[in-house]
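For reference, the structure discussed in these notes is given below.
Each chain carries a letter (A, B, C and D) given by its place in the written order, and its residues are counted from 1.
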């Protein structure tokens, strides 16, 4: 994915002719579709699509694309957006003291694997300042004594940095409802269980008590209801009776970081479309 | 595992010297240990062990083994049992109309992969009679109009056939509490979800509603509380937004039968020791 | 997938406008696209696509579809075909003595999970006759003393039964080159290793010797070069040092049958397009 | 695993009474066995065992343990060793320019997950100096113009730093035979394919050419024959026709680092015993 691309995502009521209309629109301007995915949700009869188009194949820029496409979009009653791969998404990361997800994301960022900008990292502890700043990324400590003030500051930093996504990389604090609403579909959390099993606190302890034979991790959009938002990605790993809670925590870290990295990648590549409390993920 | 073996399973309060005492007992009679596994549960400080010994390496039969070992067992306050691989476990299977687990178990039985006897299959429908009887296995239909009478008959058939294990191979009926108690640790169910997620009815519909990205199956001992008994084995399989409930049911069948077959194998090879509401599985 | 569908598969040199042209063709006749997948092979610059269209949404039958579409196909230099879900694929199965794959396929067939017809089963042994005939499926024994004559008979049976696909369900015999050529892209084999590791005879013994930590199975189209044809599906399962060759064979059976069933499903649903010695699988 | 432990590993010709003799030796000194594993190799009739004993349960130190145990060891013709968890293994890491494995190992080290010392990192490039030195770990650049001199220096650094293990974390250079021999069973490599498939150079390109549906990674001991040493750990991940070589490289990084981290953990915890060209891994 080195050449510049426009990514068009659409959702609208299902009917015949949508693919034809959109594809013809692209074709009549000489657009070269590199990747195309479609889905119809059976419950809501809603149609979802995503197309990646080579930017250099189109005779105009994004603004004109938007202006021209708007007419078509209206006809089909589409919710839609188009993004430009040259415009990197800006991802603000919230952490606490555990750094395995942060370490993983920063490596993917600095190796160029994950094509994002990280304008800053925010934490309620100072432990990870040195590591973050070594990367040349600003680090902001926000004390949690006064939670309302703290989250006002988080929100200010997110907006000041023009954040596209806010990632809770094992942040361990619950976001207030108004932030969940304001940034709906833009706040991504990694929960250390296979949801809906073991929502809430200490999921590995819950898993140990129940005696499950696999543990998991879940990457999801944050909503007002704790650990109940639309799921983007999940995975599990096998454990057995010999594994203590500490062993589970250790195995868990490996799937937490992998699942978060995959979920975030899907999000910043505009592969995730929300459909009620579920997601369509065009991998 | 073709040569005849004795399998010794033990649980007792943990202390030093247990392995030495048991191993020395075996060694002083020339016993050849083929497989040995140990575990200490951190919460209960209970010790669990399993040893397979070549039958032909010992100078006496099982009765004398039991008599001699009883002295040692008493000293360490052991719960214990020893079984003989020449004595196949007798497994009674309960089914309804869905036959994927039954088909799978019968194939493993007739190919000799699963070293069990199946004295009979019991069902509340007649649909699978022909297939079962083709195998030369008696098929009993038990109508569910009067549930109390039905389960009295199930219990009678299980005992008349000297069943060692009762397998609910997608039986879709809830066992009455008194049977759960009477046959505790001997009744095995396959539930079509990754427990504790989606206990109870229609788990694939629940999974579809929640939008999970993996579905699973759980093999567990049946207890009075529905789908809450000790878990023997679990597995998951990846799905995505494109999969309907029917697709999940189809994927699910494949893990249901695999998970049940593995769980049952562990059980009949005396690899499963119950520890509270959890299991130790010496694979 | 209960409603009747037409499945259109296409491959052609890549250029802009293909999706638009095909989608517009479908749309202008009111066709309702239920599933659509696209792929461009980077090496050959060949484009591949598959669309499922609701049959009842089109105002004509398959013949007229074919006649009309041929004009478009010519313009884009397409290799293409369209199939009707009401016309079940006819799958002839070759077996030897091992029956785990056969048992699995017959169950998927009789439960309606796999929407195929099985006009006959052919074997070089009589062992599985009873099981096959219980299903009401003709069983033909073909002795392998004279291989040339034997495969002439296999070929005759396949053609007499108007077979669409020939499945080697652990057949253990090598197909002669002329049959590989004549039925190219229609003969499916399950090999009991993760190819290209351990091609040829006794793969589990080879795996045991090498000390690998996972074993696998591969479903592929048969070509003249042994175990070297285009791969349709593969999977692996974890083993460890404690597993004997016999254990591997046992674990292996479970992935063999799953991998074959998945590969065959993809094939009969026209999800597999061959691209050189590789496959595009639109799952 | 916080309390101090002695880990005893043994291999010897199989006979009856070994477990009893060793367990009794431990028990008669009050030793508390925390973990115990056994295996008999069917081909060589060699017996392998590993026991972890709480250090504070024994009335003597490691030297006296060794002196006393030597008598027993001689009787059974044992190869054996005992290590002390308080004595961290010293792991020297070799890297080139790719840093995903290095980043992963350094995180596991600095978070305390992997209980090792890293006396230095050696590389033929200077790219990773800053990152390594940020951790307070010495970084040595060894130019590869004169390979003989370079590996003499690698060897000198390894011995000067009293290295217990030498890890090739995507080092991309072939170790000379004399080093393979001198450090046999102590040099660990991560190869970016599921061996024995795709040994040698550019395995992801090889995998892409062959059209496999899973790719893998292999952690193994280095021997004179390239990519042919005893395998410690492997894993695979699913790909499909849509994945380019670059995508495979990206997926591959995630399994490479996981497989290497697991393999190295097994090694430093004395869980890996070499048996011919295979390994026994007591997880």
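Basically, a contact is a pair of C-beta atoms (placed from the backbone, for glycine too) under 8 Å apart; a residue touches a chain by one contact, two chains touch by 3 or more.
Remember, predicted model here, so these are calculated numbers, not experimental data.
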Chain pair with the higher count of C-beta pairs in contact (B-C, B-D): B-D
Which chain lies the greatest distance away from chain C when centres are computed from Cα atoms alone? D
On C-alpha atoms only, rotate chain A onto chain B and read off the angle in steps of 5 degrees. 180
Could you put a whole-Å number on the gap between the CA centroids of chain C and chain D? 41
Centre distance in Å when chain B and chain C are each reduced to the mean of their C-alpha atoms: 36
Give the residues of chain B touching no fewer than two other chains, as numbers and ranges. 35, 242
Which residues of chain B touch chain D in the complex? 16-17, 19-21, 23-24, 26-28, 30-36, 38, 40, 57
Touching chain A in the complex, chain D uses residues 35, 99-100, 103-104, 107, 111, 113, 134, 250, 253-254, 258
In the complex, go through chain D and note every residue touching chain C. 39, 41-42, 194-198, 210-214, 216, 230-236, 240-242, 244, 275, 277-281, 283
